[in-house]
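In what follows, subunit A forms one complex with subunit B and a second complex with subunit C.
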Partner chain A sequence: MKVTICIGSSCHLKGSRQIVEQLQYLVKENHLEDKVELGGTFCMGNCVNGVNVTLDDKLYSLSPETTKDFFDNEILSKVQ
Partner chain B sequence: MNNLCTDIGYLSLNKWGEQLCGDRVEIVEQGENSTVIVLADGMGSGVKANILSSLTSKIISTMMAANMRLEDCVSTIASTLPVCAVRGVAYSTFTIIHIIENEEAEIIQYDNPLLILIRDGKFVEIPKTGTEIEGKMIYKSKISLQENDFLFTMSDGAIHAGVGDSLNFGWERKDIIEFLEMMYDQSYTAKTYASILLEECNHLYGGHPGDDTTVCVVKVRDRSQVNLMIGPPSDRKDTNKMLSLFFSKEGKHIVCGGTTSTITSEFLKKPMIADLDYLDPEIPPTAKIEGVDLVTEGVITISKVLEYAKDVITDNTSYTQWGYKRDGASLISRMLFEEATDINFFVGRAINPAHQNPNLPINFNIKMRLVEELSECLKKMGKRIKVSYF
Partner chain C sequence: MATKPIKDRKFDTQVQYLKYKVLREVARYAFEDRLMDAYTEIPKLIVKEKPTMRCCIYKERAIVGERIRMALGGDKENPNVIEVIDIACDECPMSGYNVSDACRGCIAHRCEDACRVGAITFDEHLHAHIDKSKCVECGQCAKVCPYSAIVNQKRPCENACKIKAISMDENGAASIDNETCISCGACVYQCPFGAIVDKSFILDVVDLIKKSNHNEDYKLYAVVAPSISSQFSYAKLGQVITGIQELGFFHVVEAALGADMVAYAEAAELAEKGFLTSSCCPAFVDYIEKQYPQLKEHISHNLSPAATIAKYIKETTPGAKVVFIGPCTAKKMEFQKEKVRPYIDSVITFEELQALFDSRDIDLKSLEEGVLDNASYYGRIFARSGGLADAVKQALKEQGLDQSFELKAISCDGIEACRMALLKASKNVLPANFIEGMACIGGCIGGAGCLTHGDKNKADVDKYGREAMEKTISDAIGMLQK
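And then the complex of A and B:
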């Protein structure tokens, strides 16, 4: 599955770096490098609800605090 | 007619404890392609030296640029300068570099350390002839310039660096030449090279310069154009016009901003691939679009570039950051400060509604001001700037 994180100005200021780093860490920790592809994108045109993250084209709105839950509920549960 | 131009950079250290510098660099442009650069070192230090060198450099540069004879310039100075009460003479040394049509340099030297020419990384001796004018021995040379010539002129504070302290006889000219050859990098700007030399002087002085020290560098280089686009046009209908104009320009292309890069990717029909590596935690990662030399985020990255630019025109200490780092802001800085001589800004005035949130430090006015301030700084670096709004 492909996870794309917005790294545009607005999302950057709302913490996309922390989210990227958390996801990179979690993917490694769970040995999912082959199954989960992380990517970046610039503005998705939905800045008001940032940080914007898409998981196989479905849009999610994350913050650094909710990233772990997102990973557990949306990624981990689906790949296993 | 050639495609060469000059990049001039200079920097001074004040004698320890002095608030004014007794050295002065004056630059007068003589039409499009000719320039007169004067470095004067006034006798003594502080206010007196400052007045002597200011008068000398100003008089010579103005008279030379008006094509007056050298003899007249020198005699004007001799009869104008106030006479020092302690030593009974009016005195300021000077070096004149007269760049003619960016092809030739006429070099006139009086009592400053002799000018150093570094060509392709190696020192080249410049032939000179001596003439006595008003009892002063003045050396003249004329050389034809080549791309990537670096001319170094300095006040005697440089060759006296560390005298009797870290070095017995100061930093001799041959040692300076060796240092310059060792540090050589063709991509350096004149200002960066001047800073490197001056920093070494300061280091040899142990941070307490015993004399005013000034280094002025003239780099001969090719003109090179860089184009930077930031922001989508205020009217969506202008998108194609803006992008066609932008990509029709010669030289490298930088695209800044999320929406801007998205419309670029649509225009070029090439995918945008964003990077996820935070090379600098402050600066969002860059992206790639085939056909664009550099794609970065907008406001945050440009703010950092502006911060670097402000430093370049003052103390020039941050080149150790932007000079090698790979984040978006450093990459833009290198392209604008080092590579470019002519810069075209394409600024779109669309307002991003998401940025108008009072909690975010990136609203529309800030973006417009950033570009204006950045253009001002770049002009001060000697770049030719054109800004077009859409």
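And then the complex of A and C:
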């Protein structure tokens, strides 16, 4: 699956770097490098609801605090 | 006309203002699909019933016609982006050393004694005259005159061009040697008649905006140089960002993030190779390639910050188009290079951005403030001389390379300072292992495409740097997928 994190200015200010770092760590910790492709993109045109993250084209609104839950519920549970 | 308060002043000179008016109208006509009428209507819009600059309205309108031609992209046969408008060139006297009215007709006649070629004669009032058939332009007479009555008359364009790419053609107009010119734009900014102009790509940008179909068919990105923090001082930076989006750009990204990426990679390259020159300034790179080809192998292999971030955008957003907006005329050469062309679709200057805003009647001061925050402090200070070297030093530290490699950087701003360093490097006598080369005085903030140039610009850039959320280069580039 492909996870894309918005790294445009607005999402960056709301913590997209922390989300990227958490996801990078979690993917590595769970040995999912082959199954989960992380990517960044500048702006998803939905700045008000940032940080915007898409998982195979489905849009989610995350914060650094909700990233672990997102990983557990949307990535880990589906990939295994 | 009353002088506007400095904070509301959009340009340094009336020449820039004139150029801007033409660009603004050409952009307006392009947006409205009326370019067919540009040549017949715009000259009359700008030059009304009475001449204000030249001998008659016909010449003024003819020159405006030439400015329209430059706004439309200039001479396609000429590879250089800097061109002379010959009918606008005032063919300034360039007689070299001359005796001015300040000559008192004194009796000491130091000038005569100082002249080794016997070129000084005196009239019946004891006033000095220089025999041009003998004079060798050594300047000794000017040095010894107690009244400073002997002056060196040099053309402003030739004076601005420290690499001597400008001479006089057979008709007396300025002529640019493309083999020497590095497209830095110093002459463009200095010519008091606006006779040397950088070609514009605003039509391409208008086209990119229109064809994006409101960013439905492709996403159009603006990559802005960090020197933007010293520009548009009548509005807030956030309002400028919103203005760019109002023009039709999908999103604005800092070239400074590309600078963070470059600093990180350049530090590693430097530590590995032991000696390097920067590759950020396209005029500096061009100068090395033309004048010091033996040093070419030492130019950093990194793309410029603008090209680096544009490449990243294109790799992560399929179909995206990128326009670089900055202070630089040489960038208009760089983006046409084979290795940059895939990443940057067009380049405009801050001058041209102002023209685009006004062609759409976008009043920056009335806009909401957008946000711009991608880069670190270090990426942002690339805009001023010394910033690049500071960033490379930091990047060495962040990668733990400062233990094994000692950075000895020399920061050169202005092409003369660059030349001195390169000359020494070519003779292996430069006491440094890294040359930061910027062709413009002060760095990019001194660029010819800036709206305004001032003492405060460096402080503006530093302030903008400190406002960055990310404090280290590693953090700024940490979120980019490798």
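Following the convention adopted for this analysis, the second predicted complex is superposed on the first by the 80 of 80 C-alpha atoms of A that agree within 3 Å, B and C clash if a C-alpha of one lies under 4 Å from a C-alpha of the other, contacts with A are read in each partner's own complex, and residues count from 1 in each chain.
Rule of thumb we're sticking to: a residue touches a chain if its C-beta (ideal position, glycine included) is under 8 Å from a C-beta of that chain, and two chains touch if they have at least 3 such contacts.
Bear in mind the structure is a predicted one, so any value in this text is a computation, not a measurement.
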item	value
Combined model on subunit A where subunit B meets subunit C, clash or fit	clash
Contacts of A:73 with subunit B and subunit C, given as first, second, both or neither	neither
Subunit B versus subunit C as contact partner of A:10, first or second or both or neither	both
First (subunit B), second (subunit C), both or neither touched by A:48	first
Dominant toucher of subunit A (residue count), subunit B or subunit C	B
Intersection of the subunit A residues that touch subunit B with those that touch subunit C	5, 7-10, 12-13, 16-17, 20-21, 38-43, 45
Contact set on subunit C toward subunit A in their complex	215, 221, 241, 250-254, 313, 316-317, 370-374, 469-470, 475, 478-481
Touching residues on subunit A, where the partner in the complex is subunit C	5, 7-10, 12-13, 16-17, 20-21, 38-43, 45
Touching residues on subunit B, where the partner in the complex is subunit A	257-259, 261-262, 272-276, 278, 281, 284-285, 287, 295, 297-300, 352-355, 357, 360-362
Partner subunit B, residues of subunit A touching it in the complex	5-10, 12-13, 16-17, 20-21, 24, 38-43, 45, 47-48, 50
